[in-house]
Structure formats: structure tokens, C-alpha cells
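Paired with chain B in one complex and with chain C in the other, chain A is shared by the two complexes that follow.
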Partner chain A sequence: MDASIGPWHRTRCLLYFKIIFLFFKVYALPDDTFSEELLVKPFESGQVLFHFQFTTLWNASTAEPGSFTHYRLFPKALGDVLVKYQVQELHLSLTQGLWRYEKWGYPPEDAPPGVELWVWFLPTVSNIDKTWSDLVNALSGLFCASLNFMDSKSTVLPRWSFRPMGLASEYYSFDSRFMRYSALPKEIVCTENLTPWKKLLPCLSRVGLATLLNAMKLYDSYYSSLGIHVRPVCRTQTCTDQSIELKQTLSVVFDPTISSSGYQNWQLRSLFGDPLTSQCPLASISKVYLDKAHLQSSDATVTLYPEPDEVVNFTRGREKLTYAVWDIGRQISRHQQLNLAIHYNRKIHYGEINPPPVYAQRFITGFGLEKGGITSIIYNNLDTNLTAIYMETIPWFLRLYFSSITITNHGIVVKPYKIHYVPGKDRARNYQLELVFRLRPHSVTKISMQFERAFLKWTEYPPDANHGFYVNSAIISTVLPDAYNYTASPQTSSLLGDSTRDNSTEFFLRLHTETLLVSLPTPDFSMPYNVICLACTVVAIVFGSIHNLTTRRFIAVDPDKQVGIIQKIKNKFKRNKPEEIVAELTASESVDQKNESDIKTKKKEEMG
Partner chain B sequence: MIFAILLSLSTSVLTVNTANPPVEEFFASNHTNNWAVLVDASRFWFNYRHVANVLSIYRSVKRLGIPDSHIILMVADDMACNPRNPRPATVFNNANQHINVYGDDVEVDYRGYEVTVENFIRVLTGRLSPSTPRSKRLLSDERSNILVYMTGHGGDGFLKFQDSEEISSVELADAFQQMWQKRRYHEIFFMIDTCQAESMFQKFYSPNILAVASSKVGEDSLSHHVDPAIGVYVIDRYTYYALEFLENVQPGSKKTMDQFFKVCPRIQCQSTVSVRTDLFQRDPKKTIITDFFGSVRNVELLTETLNLQDSTAELSCSKDKCPEDKPPKSGVQPLSYAKQFPMPN
Partner chain C sequence: MVLLAEEDKTLHVYAAVGIGVVCLVIGVPLWWKTTDVYRVSLPYSDIDQLAQYKIQYGVDVTVISFDEQMVDADLAALSKHLMDSLDRNPTPGDISSRYRTNVKEKTTQESSLLSSSTSVSDLDAKLNEVYKQDHNHYYVILLPQTSQLKVKAPVIGLNRNIFFTKEEKDIKQLADQIGQTLKEVVVRERSVLKAYEAAKGSRDQKPDKERMRTVRSHPGYDITFTLVNSQPDIIDAQWDIQHAVHAYLEPLTKRLKKYAAINVQSQVLYFTQMMTKPKTDKEKNEHYYTTKELPLIINPIEANLGSPASNNPELNFLVYVPTRDEHPLHIRDDTGMNLASNAFLSPRWGGIYICNIPSPPQNASLPVRPSIDMKKVMEIFLFQLRLLFNLLYQGSTSVDLIPVGNTVVAEWELDGWLRSHCVENLATATATLQSLAQLLGQISNIVINDDIGQEVQSAVQSIKESYQLLKEGFLEKAFLASREAIISSEKAFFDPSLLELLYFPEDQKFAIYIPLFLPISFPVFSSLFKAFKWFRETKGLTKAKQE
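Here is the complex of A and B:
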């Protein structure tokens, strides 16, 4: 290449090369970090939560597409999608099972059953609806999920419930035009979703914590949830620049009491199939945390194996907490493996479990297939008033009566501070409702609303229409003054371990209620076939009888005519011989002709 | 009588075993890439066997070298994580649980309600919306060999999708013709396991299609056996024996399509496996099975030597030691996190 161009050009080329080299040198610095963490939390109910979090931080920003050129730890498959569709923040969760707030407290990452996706787009996007539909298609290919069903019929623009989790100006974060929310409560989550999720990890699933993620074990559990969370975060303490943070989370809840006959004992090998034998060499932090909150409250003697490297006591809100910490690298260099195990000296005692401060229940009311209702019950066990935002998205075929929305607290009607209501449109938009109201201390607040079931068109029914139709979870957002049962990491930090240094006094809580299954008036799909059969039968009967009536001649038989016994016997024998029957017919015809006049008179009588 | 059948069975098995693949040179296939479109058209738990069928073929083509990016897998219902499955995240083709055909790295491209006749025809003919991701497209060209496998409930001239709609043999034949006109394939191997399966390829009129069906018109294709632990039939006869054959095929194997057509004789299948070769230009006896089930990898050798940097090596300066590449901006408003709760508490 150099030989073909002149010396002057060559020097200029070299200069360019130097500039490019310099540019690359800047970007070749380790401007990204990766960390793998696992939080283990045994519950009073016997189950154990394992929450994996893989965090990649990169000095790049989707607002500057030029920074997404030289990938090292950040997955390119996802990075390309974020840049192309100008995504500011993306939160995707794929969940199987329902999180039991009453028994398990609050999860580190809250997610409804099925799939939930909410995205904040950059303000530079011109046509957000189009970008959103392209984005969900791209993500559906990336995660093997039917996200392409998140069309305009199931997408909403929540006004208050979803704020950006990362860096954002106040002006931007109050403008819900830039955000889209959608959920598919029916979506099934299985190995085919875990496979692409694992492929985004820099160490894949060959080394490090991800080696524990064995699909056959993960989906044989009470609850399992995959998450992808992308947001801009502060690069430095001064926060003049932003980095991009990718959090890949996986929560799974097992019940070890089933396999250990009533004991809460478990070890990594029994739950995940293998102990941990390696550390991801690209990870700067590889740690396992165990929340000892429940272990200390129970009266059983609990032994942890191996001894934790560190025990951290800290206070979060007013809550005193203890984390046992294992450093995976240190453990493996010492023991070649980390087969974390817990041993209890007695069987589990099932007792009353202290529920978390705020939790909810939601169900369908009414009977029949014409009308129905949705009722949510929100419990507040705190001594203080709480302001809550309640968000409900209802498919268009459940026509909501706005006038029927009532909030009551022990029989007293609660007036909402604010209401945001977007009525649905048939086959175009779903019903969207956001209510802001007060939860009184130590009280139960009930929200109820009525709807009417619509008729769908023949082709709109899914193949399994008789199974019913799913309704999204309702979302309740509030701010707790205390961190009781609260495990989410603080907003300003990226790592699970940062919870131990959290000194905030307010804890934002978002919780998802149950999804609902509603049956709609479903036609009998074999009806057209039945109609054809029935119609044909009727036609055949009518046509046949008319045909008979119009083409046959009626014969009057003279009952007085005596037939001798011999003749009767003869007739019996004759009947089976066709030739003779024909002969008989011709004989009778001749008889007919004789009696024609008689018949005519008889017919006249019938018709008259 | 029974003895005679047994004798004929044993002799037929013997002939299959002793017939070594001919050593003569095979006709050049002339294809440069391989694709597979694998369709399970049945929903509902009692059709577990159809999902096992399609995953059996998926497992085989993946093992023989077709990458996930070149496989379009359509599965109409979720069996692996179905609440009724006592062994979650697995689909076995056998009551003895020999082979978990679902595997640990499956990628399903179309699933659930997405498996429709419309989507299937669109995938074949390439008439998809511009935003469809690459993993859901059949990006084949005139040098592609495509394996099309279908399974479900069918009848004379149709295959049901999700128990709510059906594709007719004429529609399928027209789709293949459209593919041929658009130069979307070089050769197609069409394989179908359903009742009266032969009727689905009788209407084909496009060149270079080789087809095999599990049963003749008027015959039912039957399932192989039931797993009492799951409570449903786990696989269909034809696919069961086809998988048994394919499990013994290695990527370098010289087994031919003709040998594959002899899989599952009437004694095993209880239906007559039917073959159509008149549209196909080559001799099935000289067509190796990996032309459709395997993958061609064209390797070009370079004479130059490329030096690649070790990307995992420690860089000369770490984040702490290196001077900040940019001086901290002065006078710039620091960024802040958005407030999560926009209401007064």
C-alpha cells in the first residue's frame, strides 16, 4: 500500500496513523471493570434466595455513539442495540414464578411473573413509537422471547411510577414521553432465555460464578428471574462524566428443606450440581455475601462452611445487619474450590413470619362472563403515613368503568391526591391508570374497580382461548423510612456489596402484585362445523320428505281384504327374492290403477 | 408367519449393516452454506412428542455442525418449563431418559403464539418486516442447502398449526416455488412426520427438492412409546428411528440419503415411509447425508502471518496509576441521579 503512494503522502499517512494510534491508546486503557457477586439469603420459611449479579461498568455513553467502538468487557450484541436505538436506560426482566413478599421480604431486583421491559430513550430520538417497536424486535431476537408482542396494544407511558434509575436531569426525568413500559405476563421463561443471557457475560459460563447456572437446576425452583439493567452512572466521585452500567441479575429461590428432610441444610453442590471451582479472571471483584439476618434470629445453631473471610456488621436505615463475606479468589487458592454450605443442628420450625412493612394482594372479583372487577389490598404495617403510587394496565378487552374506581381504608373512602387515567381504545390501546394516595399507618387499603368483558373477533382469539387471558401485575411504588427486609442495592452504587456502606434514610420500593387470569366469553370454535352438520341434516330431512311426498304415489290398502294363511306364508318366502318383488310391484301397480279413483277421493280428504 | 417376519427383519437389518457406503467419489454438492427450518406445529401438553420430535432433529443438526444462527427453530408450546413437566428444563425422547434433546444451550427463534402459518411462510419466502432480527430470518441464497422439518397433526393435504389453523400442501408447494424464483435455495430436503404425511409433498413442483414423509396417504403415523412418569407419549416412531440413525452419523460421515430413506421400515414404523426423488437432480445413493444435516465450512488458508495482541495481558498502566486522560472539567454542572419517587412523602 505504501509503495503505491508518494513520499509526501506517506508522511501524511504516518501522521494520521499516529493520531489514530494516540486515539486508540486512550481507549485501550482499562476503562471498563467487571465484577461478579452472589448474595445468599436464607428465609424464615425455609427457602433460600441466591441472587447473582454481574456488573460491567464502562466509560462510555449511549449519548456519544463514538464511545461504543472498542468493546472489551461490555457485550457487543447488546451495545449495538443500545446505540442503534438510542437507549438511555433499559430494564428487562424475565421471570418464572411469583415473589412471595409476605414470606421472603423484598427482592434485590423486583420483577413480575413473565416479561417486563421499560426503556428510557435519549431525547434525540425523533419517532419513539417506531424506535420502540424496532427495539423490542431486536431484543426478541437477542433473548429468544416473544418481546415483539409488545406492540402499541400493550405499551404504556407511565407518568409517575417509573423514573430513570440512573443519571438524568430533573427536566428529562419528569417527561414520560421518552419512556415506554410493557409487560407480557404470559411469557414463559426457560433455558432458551438463559442461554443468550449467559452469552452476554465476559467469561460466558465457563469460569466464575456463572458456572453454577445450570438450567436444569435453576428452573427446578420456586422462583427464578433473569434481569438486564442498563443505566448511566457517575464515573467518578465528582460526577462530571457518566459511565454506562450493565447489571445482569439472576435470582433463584430454592427450598432445601424438601431434599434434606426438614433440615434447612444446603451446599452449592446439592443445589447447583457443582461447587465453585474458578473465578472469572476478568472480574475485579468476585465475592459471595450471606445475609445472616434470619440465622441470628433463629434459635438453632448454624455452622457455615467454609469460615467466611470477613463478617461485616453494618446499619442500614435503623436495621442492624450482618453479612458473611467470602472472596472467591482467596477461597479457591486456599481450598481449590468453594462449596459453600450451611448446617443446622435441628429441623426447621415453621412459625409465624413477620411480614415486610408494605405488601399487597390482588384478585379478580365477580362472577359470570359479562362483568367483573379487580380488587387490590395494600397492607401498611408501619407507624407512619406512606404516599403510594398505584399503577394498573388493563387490556382493552376488559373495559374499565372509571366511575367504579374506589379506594377505601377500613370503610372510609380515601381521596387520591392525583389520578392519571388514559382510557383504552378497542384493538389499539390498553387502559392505563395511576393513582397517588395515602396509606394510613397500620391499615389495610382496598382499591377496587369494575370492568365489562368485551367480545373479541373470531380471529383475535389465541389457540388456547379457553385457558383465559392474562392481566399485567399492578405496580405499587412508595418510599420506606426503614430497610427492614430490604435487599436492593442503593441507587448511587453499582455493586451488591455497597449495601453495607449505604447511609441513606429513604428506601425506594417498587413491588409487583400477582398477575390475573381472566376468562372471556369464548365461542365454541367447532360451531361452524356443527352448524354445517346441523344445516345439512335439516336440509336432508326437509328435502327428503318433500321429495318423497312429491314423487311417491300413495296406495290405499283395503283392510277388509282377507289374506289367507297360505298366502301369508307364501308372501314371506317371496319377500327375499328380488325378481319376485318386482313382479309383486308390477302386480300391485295394476291393482293401483284399479283403485285410482278411490285414492283420489282419499287424497282430497287429507288435503282438506 | 411371525417367524418369517422376524427372519425378514433380521435379514433387512443385516443388509443395512453390511452395506458399506460406496467408496466412489460423490457428486459435488455445490452448496456453500446450510440452513435448517425446524417446525413443531402443535400446542398443548399431550403433544409433548411433537416437541421432542423437533428437538431431536435440532440436536442432530446442531451436533453435525449447523450453528444456531443458521437454524430457525419454531416450537409452538413450552414443554421443558411446563408446570406439568416433572423434570423441568428437559425434554426427553425416551422413557429411560437417555438423551435430553432440549439440552443446555437451546435457542428457540419462534415460540408460542409466534408459530403461525403466516410466520412460517414469511420465514421461507423472506417477506418479513424490516425490523425482524437476524436470528428470526432465513438468510439463505442460491447456494444454500436447506433442511425443512415439520411435525404436528395432519391429514390428507394439510398440517394443523396450534390446533387453530392449517397449512395446505398447495400453499407449501407455492412457497417453495417462490423460494426457487427468489433464488433462496440450492437444494431442499423436506422431512415431515405427521399422519398422511406423503400428501404434503405430492403437490411440490419446484426443482431440487428431495422429500421424505413418515406415512402414505390414508395411513396414520404413530407414536413410539409412553413415559409413565410424564404421562404422555414422548416421541413419534419415524423421528425416533431417524434420530437413532442420526446419532450414529458423524460430521465426516459418508452415509447417504438413500440409507436414511431406509430408516424405519414398516415393521418398526407401522406406517410406510414415503420418498419423493423425481424433483431432485442427484442420485440419493450418491448424496451424503451431511449435505443437509451437516454444515459446509469453507476454509481459505492465508500465507501471511498475523500477530494478534494478547487482550488478557496486563496493560502497562492501570487505572489507578495512569494519569487522567482528561483533566476534570471545571465549571461543568455535576450530573445527578434522578429522583425515584416524584411525590412528596
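Here is the complex of A and C:
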């Protein structure tokens, strides 16, 4: 359902995909390396982001299954799965809470609430649907999450929104047949997902940065997101061989102002329960970075403990940034521990926060249980045009009207460059919509669509059906010309620390909007049995009366001799008095043979 | 008027009978048919029959006498005694062996082989070349006393040759010795019986080491070698596992490739420790675990081993490098002696080897990266693997085995493996089919798809085929057929479609239908009852009239 568009349009909207296939930096690697990093970013709103990233690089490739035989730093449990299901790239995120773009800017790894999984399979896979279903079952066992619900009903093949993040040929990366995307917005993420995630680390959670990952503290936070990202990367500059990169990320947002009575002060011990006392000996890099962007803008005096080993000033895009860097190994050999702390001399002032260049909101419109709508509002605060891809996956029971999809910018209708629309099928397929359109400078673009709510079969309702049904986040992908509020590591490198050496001019951004909760017309669940009983009763009454009509005689009763009910009952007791004639219209079952024969004899007598 | 009423009555009675007939003859079967679930008919009687079958396996034995002193009469006597000896003491139960023996004198070609051979193993290889020895056909070679190759105790070669020397014993004694060696060591009748009983799951089994240790038969195995570096910040031991697997394990995996897919992988675990603290012997300044403590060691380590992505049974072999506090760590047996191997085996799970690496000196830059002697490690693990696969003969009969060395498995051992696995597969597949048939018989609303029907059919077919082949002595083909049988039967048994309608029990079905059936059947039956009563009355009346 591609809208036909002019050639220059097409060039333009494909232009930024090119940045995805950038060249990779040189690494003179041993067979495998591991590094642990932590990025800390205090926000103006008082919260603090801690983003842990554990990166394993290994000279192996899923395209050559033989190379995944003798594991050292790479986890065997995950490697087996990747090889068995011939995965080229895998991105899994398990998130509790919603990332607030307006207040916090962009996260290092973007993730929607719940679970999101997208996978690129090797072109050698013959039956991708079957492989996908086996893979999600294997992963669901590995991470103790209900990934097995990612069946064909909730899986889609996005055409433009998800491109390979790692090494891929151009031909392959434009063929969305090899990729699958699915999300479970309802999934609750907790300790049982964290524990298997920690087991994949070579140092487990015994030493190094992972000792801070205490489930009691992590899930007592504003936002917490686990991620597993596997992609092939170049081994050397010439890129003759592939390596595999496994990035395990964990983002957590705390609000220290609550426990420090209005001050934004914190230390590792108060937030994570313990200071850092060891370094993973297998890691080639163990560093903590602190983004000082919002420290300098405030008028308070901020003190960092201990003194950073290094303060790096760098420019990313047009944005001037400062990172304070601690080398964990050096800190521990000097102080036996690293209890990173920030001290402010005054309470936090809640003021207006500069939102990031592009962000979005999404909500349900309409009332009643018959029809409804979804509206997304995308803000562009930049002074340039941006091309954005908007992706929406809507469950089949919200029947989307294609004609109702409108994009407006301050009341002016925006014509999308491209539309990819896959209509849903009842009980088989989701509605899938991808729109490519322009975001005008300093404007608000509104996308709205209408749907009709379907009736489900009574077995299709989940437990607690009145809670409502979740709709996946919409995904907005675009390329920013500037790195304002941008924290993700450069796409061409594996490490967080490489952000300081990033000289790219374009920054790929993927946003996830809010998930939606929609209520469907929900029946009273005892109803089916009531309906069965009612319908059966009606059938039984009809049958009973017809049956009676055909198998019984009806006799006219003399109205003069009709007797009242009381008399009838009396007669029953005086049955042996023959002179009293009782005639009955026998419609009921209770009439017995004796009565009938009584009538017969009476009649005969009369006639005689 | 009376007549009219009578006619009316007759009409009504017939109407009642008509409705009753329609309800019973058309309604009930129609309802039954429309609410019935799809069930392919399975060969239930065949499955029942399979359970009654008695497994019989054939073995071919050829005795070649190089002994000039044995005359034809001696050979005839030997043949007779050997047959007696082999048929004596049959193993109890549903399983029996059938030997076909052939005793003959050497040919000139054979005697030249003997004279050109320098050792028994040389002769063994040459005989194998000449006869192109196939599975399940054993050659008993009677070496003359005069030959320089003469053996004291029976010797079993790497192929399928067993060497004897007739000393001053009489023929009967020799025959007994040959028979016993064949039954106990080469064919391992007792092992086959154990495999069968274990697979059949008979209740009244005594605990038996061999049966409990041996890994169950499966079309594939995952072998994982794990190096546990408990303190990589002090000792980060390295191993060249890739080379070791290639050198030591590949001969075995290649040899078994046709019969079982063996997938070998390795990993390194760091910071994984034994949860139970070892005891300390202050005198010798060493630490030790007693044999009683060993079972407690495995569980905490196993939690970190990770689960494989396949359904194959997994065998784990661990090299544990102790922490500095635990060093040196030993395993002590009940007598308080340190085990020379410093390794132990966990039945059906794998083995653990504790590799003591000397602590680095005080001034060394940490971590030190010593490499582990893979020859020792693989020797231990291969021995354990042979035990787990039940390739190793451990019995009381005194025989000399030519060491297997690098080939890891001797041909006659492989035959034994095939034989017990074939029998085990047959027993398992039969038991699986039986329980499937029983399950489907018990729960009548399980849907049985065509696929399941087909799998069951092919399993039954393969089992029958395998029985026949085994009886005739075609061991390899019988094994392959039995493997087919087990794959098909498991596929049928674990088919997810069997579970689909399981949660709709019979009583609920009737709860749904009763609101319809009760009000309809009541008038139908009562009017039918009345109709029959009327028929009887009229019959009585007409009879009375006639009289």
C-alpha cells in the first residue's frame, strides 16, 4: 500500500538510513574482550539515571556455527540459542516504568514499557515464522519472561523502522522478510528477569560493577530497563571478518530528592546499598562516567566525591559536553572502594525544563465502548525539517479505519511520503502501520486514527478482563542533526566511552511513546451458561407443546360443570365418589391414567 | 363416537412412537456424531502384542583353530561343548540370546597371517582386514602353544577377535572358558538385560551401579567441558580445549556419528565456587572432601552451567581450579587416602576433576595465567565418558584387553553399546507406545491427529522390523530401526495437539446439555411408555375378543 511519490521524495526519506551502515572502528582484539561501564546522568528534575553497560566482543559469527563451540567470556546459554536459531541480530528489552522524554531527554538505550524483542535472522533460515516461534520460546525460558506470547498474532515485519544496527549488506538490510518485531506491553519485569540476565555476565554479580545490581533497590525506582543487544561488528578496519558484540545494558532512574529531603545529594551506598569495592578482573575497561550537563547549568555549588580521575570536555554534534571519568581499578587500588557521591549546597529548584528536540505523546480518544481513536502528538523544537517514521501496531480487536488516518500540522494536512499498511485479520494478525512524513520546524504534528472495538469470544478474554487491553507503544524513528540531550553511544562503536570521541553529525533516534490501555466490551462471564439454559428452556417449551399437541387428546369441557380450583383439590381427595365428573384439560404431565379412564367411563355412561 | 375416540387415540400413540423413534434413532446419533472429537484409529492390538514380544538377539561366533594338535574329533567336541556352554544359564526374563557357532580349522592363508604377525594386536588388525569383520560377528582364535604369540589369559583385540591358547586343559574346559568370555565380556548379556529392565521401568529392581550410571539412550548427546576458575583475579587458568577435543574426543564422536549425534562444546566459568567448605588437614596442610560430601558440591555449580538449547541429554565435565584458601584440594576415599585421580563421576550427569594449580608467589603480578595439562584432563574425562556410555567392561572374568588408546572405543565395545542401546530403545519405544495407547484409551476426548496416527504406525513398524533384525543378528540395522522407533514414538507422545481439548471434562459437558436433554427426554419417554402400555392393552383386548 505504498503511496506513489516523486523520486526526490524517495531519495530524501531513504537518505538517513545510510548512516546505519557506517564503517566500524578498528579494534586490535584478542579472541574476546569484556568491558564494564557506568554512565551517570543527573537530571534537572531531580532524578538520576544510572546506565550500566557490559560489552563482550568475541571473534565469532553466527553465520559460521563452528565458531560458537568453545566459549570463554561470551555466555554459552545465549550463544547456543543464537546459533541454533540462526540469529544475525537480536535486541531484547525488559522494562518497568515509562521513560519521560520531556524531563529526562533521551535514554542511552530506548525501550518501551514491558518487553520488546526484534530479531534479524540469517538469510539461510528457511522457515522464519517457525524459527521465530522456537526462538521466543527458548528466550522465554532463558529470561523467565512470557516471551512465548509473541506468537503470529502479535508479531509484525516493520518495513522501515527497524534496520540492522550492526554489520549487514545493503541488500539484506532492506529486506524486512528476515526480521521480526514483537512487544508485550503488559509484561511485568522484576527480579526473576534480572537474575538470569546477571548470570550471562562473565564475572556474574560477584565482583565489578554488577555487584551494585541489587534487585531490592533496582525495582524500587522510577524506571528500570534491562537490555540484551547482539549484533555482528567488524573485527578489523578492513572488515574481512566479523565479530559478535553482546551489549548487556541496565538503566535505572532514582529520585534522591525524596530520601535527602529536597537535596539532590546521593551516593552509591544510599542508592544501591553498597559502594563499589571491586573490579571485574576480566574486564579490559572498567569506568564510570558522569555527564555534567545539568550540573553546570544550575547555580548551586556541586561537589563530586571522590575527585574524578579525568574530566573530558568534548563536542558532540554542536553540543558541548563534559564527562567526569573514574577508573574503577585505579580508585579501588587507592581508596579500597568507590563510593561515588554528589553533594549540592542547596535544595533543588524545580523550574521549567528544556524539553529535547523531538518528543511525542500518545493517548486514546473517544468515549463509549463502540468506537474510539488514537492520537499521537509529535513535537519538533528544532529549526529544521525532519523526516520521521511513525510505526503503530494495533491489536486486531481494535479494527482500524484506514480512511481515518490523518496527519495534521497546525491544522494543515500533511501528506505522508510513504505508507505501509497491513490490515489486521481477526484472530490472526495485528494492524500494522508505518508512515513516513515530514516534521516541520518548531511545530506540533498530530496523527490521529479511529477504530472500532470488536467483540471477543468468551474464551479469548484474559483473566481480569475488566482491567483492559494493552496497545503497544508507537515508535518514532528519525535522525537528529544535533546531540542535545542525546546519550546513546555512537552506532559505530561498542563502548559508552566512545561518545566522547564521536564526530558524527547525524544522530539516529528511536522514540517509544506511551503504551495504551483500552477497555473492550466485556461480558458477564457467567452469561454463556445462562444463555445456554435460556435457549434450552425455550427449545424445551416449544418442543413440549408441539409434542403434547401431537400425542394427546383434547376434550372440550362443559363450562357449566366447570369447578373452581378449591373444588378440584377437594375432588382429588374424594376420588371414589363416581357421581362427580371431573374433566381435565390434560396439558400437564401430572395427569394420571386413572383420571383418564374415569372420564372414559363417565362418557360411556352418558352416551349409554 | 367411541370409534372416533379410539382412532384418535391410535393416531396419538403412533405419533408419540414416531417422535420417540426420531429422537432416539436420528437425534441421539446426530448429537453424538457432531460433538465427537476426531480420533484416528491406532493399532491398539499391535501395541498390546509388542509388549508380549520376547526380545531375542543373535550373535555369530566363528572359532578358528591354529592349534595343530587339535584334530577333527577335537574340533567337533569343541563345537558341541561350546554350544552347550553358550546355551547354559540363559538370562532370566523376556530377553534371550541366540548364538550361531562355527568351528573350523585354519586355512593356509590364515596360517601365513599368523606367522607374519609380530604381536597379538597386529594379528588382530590383519584378521580384521582379511575378513572385513562386520558387526556382531566374533572370531575366537585358538593360538597354538608353540606360537610365540601364545596368550596366558584370553585376550580381546580392538576389533572382534578373541584370542585363546589351549593349555593342558581338556576340550570341555576350553569350551566353557570361551563360552563364559563371550557371554560375560564380549556380548555382555547381563548389561543388555540391565539396559532392558531399566528402560522397561520394572518396579522390583535392586539399585544397581551400572544401570544408574549409564546415560539413557538418545539420538543425540551434548557434551560440555567447563573450566571453573574460582579466583581469576589470582589464578586465571587457561586451557587449549579446542586442540584437546580434536585430539582426544573426535575419534569417538566420529565413530559414533552414525548412531548418535554428539555435540561437544566448552565454556569457562569465573567466580563460581563450591558452596560447601572443604575440611582441612592441618598435619599435611591440605584440604579435602570426603566421598560423602561430593553430592553436595554439584548443585551450586550446576546453577551456573546454563541450559543447552537442545533436548539432548547433557553430559558435563568440569575442571575445577580451587581458590587460594582451598589449595591444595583433594578427594579422600573412605580409608582416608587421597584419590590419585582427584576426580569423581556423577551418574548420568558427568564428572568433576579438581585441578590443583600451585599458588603464585607473593611478589608475582596477578593474575597468573598457567595452562592446564590437557592430556591428564582428557584421560580422566574419557575414562568417565566410557563409563557413562557403558563402553567399559567392569567384571570379574579375567581377560586381557588390548588398550584402546586413541581410538577410544574398540569395535567389540561398540557392538555392545549398539546392542544394549538397541534393546533399551525397543523397550522404551514399546513402553511409550503402550502408555500413549493407555492414555488415549482412558481420556476419550483427546483429539488424535493424522500425524500422530502416522508416527505411531511407523513406530510400530520400526519396532517390529528391529525385533526381526536383532534376532537375525543384523545389529547395526536393528539399532538404526530401533532409533527410528524411539524418535517416532516420542514425537507421537509429546505432540502438543494431544493437550488441546484435555481441559474440557466429561461431567461439564453433561452440565451443558442437561438443560436441553432433561425437558425434552421426559415427555418423550413418558409418552413412549404410555404408548407401549396402550399397545399391550389393545393386544390383550384383541386376544380376549378372539377367545
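Everything below uses one rule, namely that the second predicted complex is superposed on the first by the 497 of 608 C-alpha atoms of A that agree within 3 Å, B and C clash if a C-alpha of one lies under 4 Å from a C-alpha of the other, contacts with A are read in each partner's own complex, and residues count from 1 in each chain.
To be clear about the criterion, a contact is a pair of C-beta atoms (placed from the backbone, for glycine too) under 8 Å apart; a residue touches a chain by one contact, two chains touch by 3 or more.
Quick caveat, the model's predicted, so the values are computed rather than measured.
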Subject >> chain B versus chain C as contact partner of A:133, first or second or both or neither >> reply: first
Subject >> Which superposed partner A:141 touches (first chain B, second chain C, both, neither) >> reply: both
Original post:
Does the superposition put A:177 against chain B (first), chain C (second), both, or neither?
Top reply: neither
Subject >> First (chain B), second (chain C), both or neither touched by A:550 >> reply: second
**OP:** Mind working out whether A:207 is in touch with chain B, chain C, both or neither, as first, second, both or neither?
**Re:** second
Original post:
Thinking of the overlay built on chain A, is A:282 touched by chain B (first), by chain C (second), by both, or by neither?
Top reply: both
**OP:** Have a look at where A:427 lands relative to chain B and chain C in the superposition and call it first, second, both or neither.
**Re:** neither
Subject >> Which of chain B and chain C A:318 touches, first, second, both or neither >> reply: neither
Original post:
Which partner, chain B or chain C, touches the larger number of chain A residues?
Top reply: B
Subject >> chain B versus chain C as contact partner of A:335, first or second or both or neither >> reply: neither
**OP:** Mind sorting out which residues of chain A both chain B and chain C touch, each in its own complex?
**Re:** 72, 138, 141-142, 281-282
Original post:
What does chain C use to touch chain A in their complex?
Top reply: 1-2, 5, 8-9, 12-13, 15-16, 19, 224, 232-233, 236, 241-242, 245, 264-268, 270-272, 304, 306-310, 367, 512, 515-516, 518-520, 522-524, 526-527, 530, 533
**OP:** Mind listing the chain A positions that touch chain B in their complex?
**Re:** 26, 28-31, 33, 72, 96, 133-134, 137-138, 140-142, 144, 146, 148-149, 160, 163-170, 172-174, 187-192, 195-196, 214-216, 218-220, 234, 236, 238-242, 281-282, 386-387, 389, 417-418, 436, 461-464, 477-479, 491-492, 506, 508, 525
**OP:** Quick one: which bits of chain B touch chain A in the complex? Just the residue numbers, please.
**Re:** 43-44, 78, 80-82, 87-90, 102-109, 111-114, 129, 131-136, 162-164, 311-312, 315, 317-319, 322, 325-326, 328-329, 332, 334-345
Subject >> Of chain A, residues touching chain C in the complex >> reply: 69-73, 75-77, 80-81, 83-85, 138, 141-142, 199, 202-204, 206-207, 281-282, 529, 532-533, 536-537, 539-541, 543-544, 547-548, 550-553, 589, 593, 604, 607
